[in-house]
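Quick heads-up: structures coming right below.
Two complexes come next, and they have one chain in common, chain A, joined by chain B in the first and chain C in the second.
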Partner chain A sequence: MTITKLATLTASGVSSASFSGISGSYDDLKILGSAHTDYSTGAANTTPYQVMTIRFNSDSSSVYFVSYGYATGTTATGVTDGWTSYTYSQEISVPLAPNAYSSQDDFSAIEMYIPAYSGSRQKKCRVQGSFMTPYASAGGPNPLSIMGNGGWDNTSAITSITFAANYGDFVAGTSFTLYGISNS
Partner chain B sequence: MPMKTIVDCSTGIQTNVEMTAEEIADREAAAERVQAQQAEEEAAAEKRAADKASGDAKLKELGLTDDEIAAR
Partner chain C sequence: MADFEIIAEGTLSSGASTISLTSIPQTYTHLEFQISARGSYASAYPSSTNMRFNSDSGTNYGGADGYVSSGTPGVEGYSLNALTQTYYTNVLALDSWATNIQGVTSWIIPNYTSTSFAKQLFKTGTVADTNSIYTLRFGSGAWDNTAAITQIDLLEPSAGTEIMAQSSYWLAGWA
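What follows is the complex of A and B.
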């Protein structure tokens, strides 16, 4: 197996970050990332994170699905866990963008793996990540972690991938690195 | 005006550009969808927690210890 770094995105003061012009000459894709957003009003008052949306080829039609297990909390404060699943969504959405109510130093750790991204079948990916929030009203400090999968019901080769925060902008320190995986 | 950043993997060049009106509207619609999903998840989690607390209290009334309840 050979891993080739294709590009690194750094995102600061922007609402979305995209890889474009992805070559189809690899077997799989892997993305390692880390994100934090500046949002501090409205919905963020009740949660210490923003949802990050992921789209392939800028497709906004209702052809995505996502399922992930999550756990948050500690033995001391109590653990909440469960399973979330959406079908026929217009994006893959995962809670991996800590906001201004989280620690400024806390960036999520994100990992995605997309097998056969240029093949002729529908596309799927593994997505997982975690972050720690000190959100006091939620009994913090609390870790939050997810492990799941997403899908794109489209047979086109993936040539672009976009990450966006549902509110606010990504702050300095946010980055995503794309790797091409060759199995031979 | 909201901005977006794009890196072209074929060149490695990253550029920041303003989002179009259409992209802004799409983002706002996505935010509303995601917020609704988030509220649904939180309501479900709160209900699960309340149901668990209620169930635990009833088990305790039946004589189970905290350890026995936790071990279920």
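What follows is the complex of A and C.
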């Protein structure tokens, strides 16, 4: 197995950022990263995080799906676990971007793995991550972890990956690293 | 420097209360740590390890896990600044189990060299024994400190217990 760092993506003051021109010469892709957004008003102000969306090849049609288990809260103040699924969605949506109600130095930890990204079948990916906040937010302490999978019902090779905040902009410190993995 | 490198690895020849990884190079972007291990803690449930960074034993950590244990789902955790180490993994095989069983845990620590942001990690772990005790966990962990991580201590399951002999581990850097 050979692992090659393909690109580093940073995002500050923008609502989305993309890896583009991804070579099809590897077997799998892996992404590690961290995110935080500046959103502080509106419907999101009861929770200290935003939804982060992921699209492939800039496709915004309703051909994505995602399913993840989640755990949130603390033993002292109450915990919740459950399962969230979306089908026929316009993107893969995951709650992995702390917002302005989180401490500004708290970022998420994100991992994605996309096997056979250049093949001719429907694309699948593992997506998982977590973040933690102190008591500073309107939503109170709200550590959150997810472990799940997503997909793109398209047989095209993945050549670009876009990360976007559903509200607000990413702030400085948000970054994603893309790796190509060759199995031989 | 390769884009993925094993920084340190080992197999315990005897039980240890702590595995210390010191002088971690600051030349990578992200860290990944994995351990296959047994713990000497006596319990009906899988044993545990946890992480401490840069020898900081202050109440600067937190974490929350989701889990499925023997068919029962749940969640447990502590807010930031509530723990003196990252939250327990709870997937180490027990000394009382068959000796060929180990529990596996993997941690991802993004941007560990940052001096601007607190450190966040994500972990997954699993273990199963021959008596239908099986556990899958995923969770968060955080260290409320903006210092670069230069040392990781993997701590014993609980006071007076050990990470047992033949437990193995590796720490890798992602460029």
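Before moving on, here are some points about what is shown:
Methods note: the second predicted complex is superposed on the first by the 178 of 184 C-alpha atoms of A that agree within 3 Å, B and C clash if a C-alpha of one lies under 4 Å from a C-alpha of the other, contacts with A are read in each partner's own complex, and residues count from 1 in each chain.
Keep in mind that, in the parts below, a contact is a pair of C-beta atoms (placed from the backbone, for glycine too) under 8 Å apart; a residue touches a chain by one contact, two chains touch by 3 or more.
Because the structure is predicted, anything quoted here is derived from the model rather than measured.
After superposition on chain A, the partners chain B and chain C are seen to fit next to each other with no clash. When the two structures are aligned on the shared chain, A:Pro115 is found in touch with neither chain B nor chain C.
In the superposition on chain A, contact of A:Ser60 is made with chain B only, not with chain C.
Put simply, the three-chain overlay gives an angle of 100° at chain A, taking C-alpha centres for chain B and chain C and rounding to the nearest 10.
When the two structures are aligned on the shared chain, A:Leu178 is found in touch with chain B, with no touch to chain C. Within the superposed three-chain model, A:Ser16 lies in touch with chain B and out of touch with chain C [touch as defined at top]. Taking every C-alpha of chain B against every C-alpha of chain C after the fit on chain A, the minimum distance is 9 Å. Overlap of the chain B and chain C interfaces on chain A: residues 8, 80. Here chain C touches chain A in the complex through residues 2-4, 29-30, 62-67, 73-82, 108-111, 114, 116-118, 120-122, 124, 138-142, 144, 146, 174-175, going by the rule given at the top.
In the complex of the two chains, the chain A residues touching chain C come out as 3-5, 8, 32-34, 69-77, 79-81, 103, 105-111, 128-135, 141, 143-147, 173, 175, 177, 179.
Taken together, the chain B residues at the contact with chain A in this complex read 2-12, 14, 16, 19, 26-27, 30-31, 33-35, 37-38, 41-42, 44-45, 48-49. Only residues 6-11, 13-23, 43, 46-47, 51, 53, 60, 80, 82, 84, 86, 89-91, 93, 95, 164, 166-167, 169, 178 of chain A touch chain B when the two sit together in their complex.
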